[in-house]
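Just below sit the structures, each encoded as structure tokens.
Note that subunit A is present in both complexes that follow, paired respectively with subunit B and with subunit C.
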Partner chain A sequence: MSGFFENYGFLIVTIVQQALLGLSIYFPLMAGQLSLASIGFYSLGGYVAAIMGTHPYFAPWRAALGFFMFPLEWLFALILGVVLGIAVGYPALRLRGIYLALATIAFVQVVNVAVLNMPVAGGAVGIFGIPQAFESRLDYIWFFGPLFALAMFVVYRITAIGRGLAFFAVREDELAAGAMGVRTTANKVTAFVLGCALAAVTGAMSAPFLNTWNARQGTFDASVTCLAYVLIGGSRSLWGPLFGAALLVSLPEVLRPLKDSRMILNGVVLVAVCVYLPQGLMGGLAALRTRLAAGRGGVA
Partner chain B sequence: MSALLKASDLRRSFGGLMAVCDVSLAVLPGEIMGLIGPNGAGKTTFFNLLTGMTRADTGTVIFDGHDITSAKPEAIASLGLARTFQNIRLFGGLTLMDNVRVAGRVHARTGLLGGILGTPASRREDRDNTERAYELLRLVGLADRVEHLAASLPYGDRRRLEIARALALSPKLLLLDEPAAGLNPSEKLGLADFIRDIKERFDLTVLLIEHNVPMVMGLCDRVMVLSFGQMIAMGTPEAVQRDPAVIEAYLGGDTHGAA
Partner chain C sequence: MDFAWLLQSLLNGLSIGSVYAVFALGYTLVFSILGIINFAHGAVFTLGAYLTYALAVGRFGINGLLSDLSLPLTLPFPAALLVGALLSGLAGMAVERLAFKPLRRRGADPLLALVSSLGVALIVVNLIQYLVGAEIYSFPSDIFGDLPMAVIFSVGGKPVAVRTIQIILFAASMVMLAGLGWFIGRTRGGKALRATAENADTASLLGISVNRFILGTFFISGLLGGLSGTLIGVSFGIAGPYFGVSYGLKGLAVIVLGGLGSIPGAVLGGLVIGLGEAFLPPDMSSYKEAVAFVLLFAILLVRPQGLLGGRLEQKV
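Up next is the complex of A and B:
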């Protein structure tokens, strides 16, 4: 059993880490907003942690705080995520559907170019030798695990309480939501900022986990991958991002014996899910459950 | 008696089309006012101007002492001006219960953080809101389907759900945009009684757009007629029915010739 965790620890933690990014896209989706900005905030959060962890300016802080430097990095990333999320969200969320998606892709590109040209971010090389929080990769589950549990709790509570209905009302029909007294702009920005903040903190935890941080963390490819977690897992279920991340992160590893041709099979699986499970894995499971229940009812 | 809603010289054009042209209207508290006119007369645009969904080019709207001319729809709704839509805009993916509960939170005091943490105040608010929503759904006869999705309802029931949702805002003024459209004759008859009933029960003022002439004549205290964006008549149903300008607008041609 210990061998299993030694071999697959990195994979397991990566699944949770990627599921967090999936959840950061799920938050604005609850209010019907398709945003790909998460990965930009993930990148920035990672730079906050990387700079605070390596820059000489913060050396006295690190010496004084020791391990508690990590939570402080999360806090700074969180503040950056919220402030920048509001600043980006208010203008961007005037756009709808595909236009919002395009604007948030543009945001990711702006962040990418900006960090490439900032000396403090290490340019194209990025930042190396970020101090480690734990000896083993698997131990990083103590970072990502509680954050994931917290994020899932927040999503679950939003679906359970009356206040959360405002998000879903905006998703269903923004105009009617306004006519029913729902503050549409405020709700869209709130859902968006929740996602931004989660992505930024995930980035701040990921910098020590990955040891290095550079502009490749925040590319368009990564944005689309995160969106795929949600779509493949199921965009109407809070477990969707986790299942999607688990499938998409582990699939290339499971198929490793197939060498180069594994990416073909990887693609086949993705297309198959899109064609046969348009509601994602969780949507497919729900449909199956309904069918089984109906079948049992028919026999009885 | 001072007007509950006072629109003055409202004007709105779309490109070269003058959809609403300098229309003024005062709705008195407690009355049921009808708004009729041929297709494309600007009735729905007029509703959109009153509820903040369309910005007026010129003119003002005063509701219950507040200038709402350029207010946002959500602000207008929270002042107590509720509406339904001609083409029914329910939250299809939500249950009947949740459709009504969305509107019921218009005066909610607890926020997102309190809800996530499950504070006693937010739980109490949710419980009260649910009870009230259930009462409203029972009033419109949908209490047996509270957990169904709104999209699964047949047409007539959707209209009733939309009215229940509007009532959840605790409105002073209810705007109904063609509430009888698509209903069968017996449903139409029931609707007039139902509107009178909720008007008494909730102390409402009602402004409704309707094409069904018998219903308008039987239900409304006063009727306003729009044609090509202009108000061409206003008065009791009987007076409006005899007005030559109204007859011309509806039947076309000139009233001296064929008639």
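Up next is the complex of A and C:
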């Protein structure tokens, strides 16, 4: 068993880390809003942690706080995520349809150009030698694991209370929800900001995990990958992001012999899932279960 | 802030802005008919540039599967541009068949079409990388024959350069825009296209073969994409298979700025963003790539329907 964790431990930690990004896209999707902003907030959260972890200005803080510097970084990233999330989400979410997706793509691009031009973020080279929280990278599961559990618990609880029902109402029919007195914009912004905050904190945890941080963490391609986790896993299931991340993170390992052509196959998987499994893996499983149950009960 | 600088920026802005307009029209046409955004448009843009390069130069670099291959014959640049654009049109049709039609038939969530088109883009871009490598390709400087590289005027004692490629960019874009305007506004096919965009169900009841017109729209869209890809590639070089991604995203800013689904809006949006980039003060030039997206945000704040978009309707 210990051998298993030595071989696959890093893969498992990465899957949980990526699943967190998937979940951050799942939040706005609960209210029917497609956002590609997560990776921008992830990038910014990582820069917060990287700068607080390496910049001389924060040296006295680090000396005073020791290990507790890490939670402080998460807190700063969280605040940044919430404030920026409201600033980005509010103008775009007054509108219906595709506008949020477009505004968030713009946000990711602006963040990218901005960090490349900020001397404190290290330009194109980025920031190196971010202090480690643990000796072994596998131990980062103690960062990502609890955050993942917390995020899953929030999703699970939300679906059971009025707020979650309001999200689903907006997702199913925004106009009808509005007519029934649901404050559609406020609900959309709430769902969006939850995702932004989660992505920012995930970024702040990932900077020490990856040891270096640069603008390549926040590209458009990466945000598409996060979206793919959710849609391939199943955009209507709580477990979808985890399953999607598990599949897509391990796929390159499995397909390693294919080398250069494996990204082509990634695209093929994306198209095939959209066409043949429009509800994702979890949706496909549910449909299969229904069919099997119907078969046993003898109901045609 | 002298007059020569203003004139030079105006020239630069108009020539690049007109290409943005042609490229963005590819998005607009598909959006006005299907109400969704074709995220593979940037990949078709890239493909167009590579196809024209292959047809006009006929040799590839040192990486990728086709590294040692050279084509038996090459075309003169104008012919290569045309054939490259037509082939890109066919690629646009393939995108419709692969990413959009299967989902439409199943009545799937429109968000999925977005992802499936991104999937096709991923396939196209990585296929290009697999075949010809990730290196930079530049068109040779003699593709325009004997035309000089640039004509230089003197305005108030300062030089203003009009590059040949800028004239070609602007002229080719204007020809495409005029042709498209004529087709949509003045022909029977264009009328049927407008009817399909207005209401596909009614159009099909009136005997318009909707699926054929959707396919035709993707052809035109791909043609516009491939053509603009070539023009940008000739002007700035092809910076690898991913060079279309940033232009693809910029094109989205263009259509939101002009108003989603509005054809004059796409043209205006393209010119505004081209000029906005050109008039950026020289000491802020490292922020050039952000101009389009800052404008997109600004328009969402003050006039979300875009510069020329109609009132956003709330359909039940």
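The rule is simple: the second predicted complex is superposed on the first by the 281 of 300 C-alpha atoms of A that agree within 3 Å, B and C clash if a C-alpha of one lies under 4 Å from a C-alpha of the other, contacts with A are read in each partner's own complex, and residues count from 1 in each chain.
Here, a residue touches a chain if its C-beta (ideal position, glycine included) is under 8 Å from a C-beta of that chain, and two chains touch if they have at least 3 such contacts.
In this text, all values refer to a predicted model and were calculated from it rather than measured experimentally.
Of the two partner chains, subunit B is the only one touched by A:T184; subunit C is not.
Judged by the touch definition given at the top, the superposed model places A:L175 against both subunit B and subunit C. Using the contact criterion defined above for the overlaid structures, shared-chain residue A:T212 touches neither subunit B nor subunit C, since it reaches no partner. Looking at the shared chain after the overlay, A:G164 reaches subunit B, while subunit C stays out of its contact range.
Once the two complexes are laid over each other on the shared chain, residue contacts for A:P91 go to subunit C alone; subunit B is not touched.
Using the contact criterion defined above for the overlaid structures, shared-chain residue A:S250 touches neither subunit B nor subunit C, since it reaches no partner. Here subunit B and subunit C are compared by how many residues of subunit A each touches, and C touches more. Contacts of A:A103 after superposition on the shared chain: subunit C is touched, whereas subunit B is not. Shared interface residues of subunit A, touching subunit B in one complex and subunit C in the other, are 175.
Listing the residues of subunit A that touch subunit B in their complex gives 153-154, 157-158, 161-166, 168-169, 171-173, 175-184, 190. Contact residues of subunit C toward subunit A in the complex are 36-37, 98-99, 102-103, 106, 108-109, 111-116, 118-124, 126-127, 129-130, 245-246, 249, 252-253, 256, 260, 286-287, 289-290, 292-294, 296-297, 300-301, 304, 312, 314, 316.
Taken together, the subunit B residues at the contact with subunit A in this complex read 51-53, 72-74, 77-78, 82-83, 85, 89-94, 98, 101-106, 108, 110-112, 114-116, 118, 122, 125-126, 129-130, 165-166, 168-169.
Interface residues of subunit A, counted against subunit C in their complex, comprise 34, 91-92, 94-96, 98-99, 101-103, 105-107, 109-110, 112-114, 116-117, 175, 220-221, 224, 227-228, 231, 235, 260-261, 263-264, 266-271, 274-275, 278.
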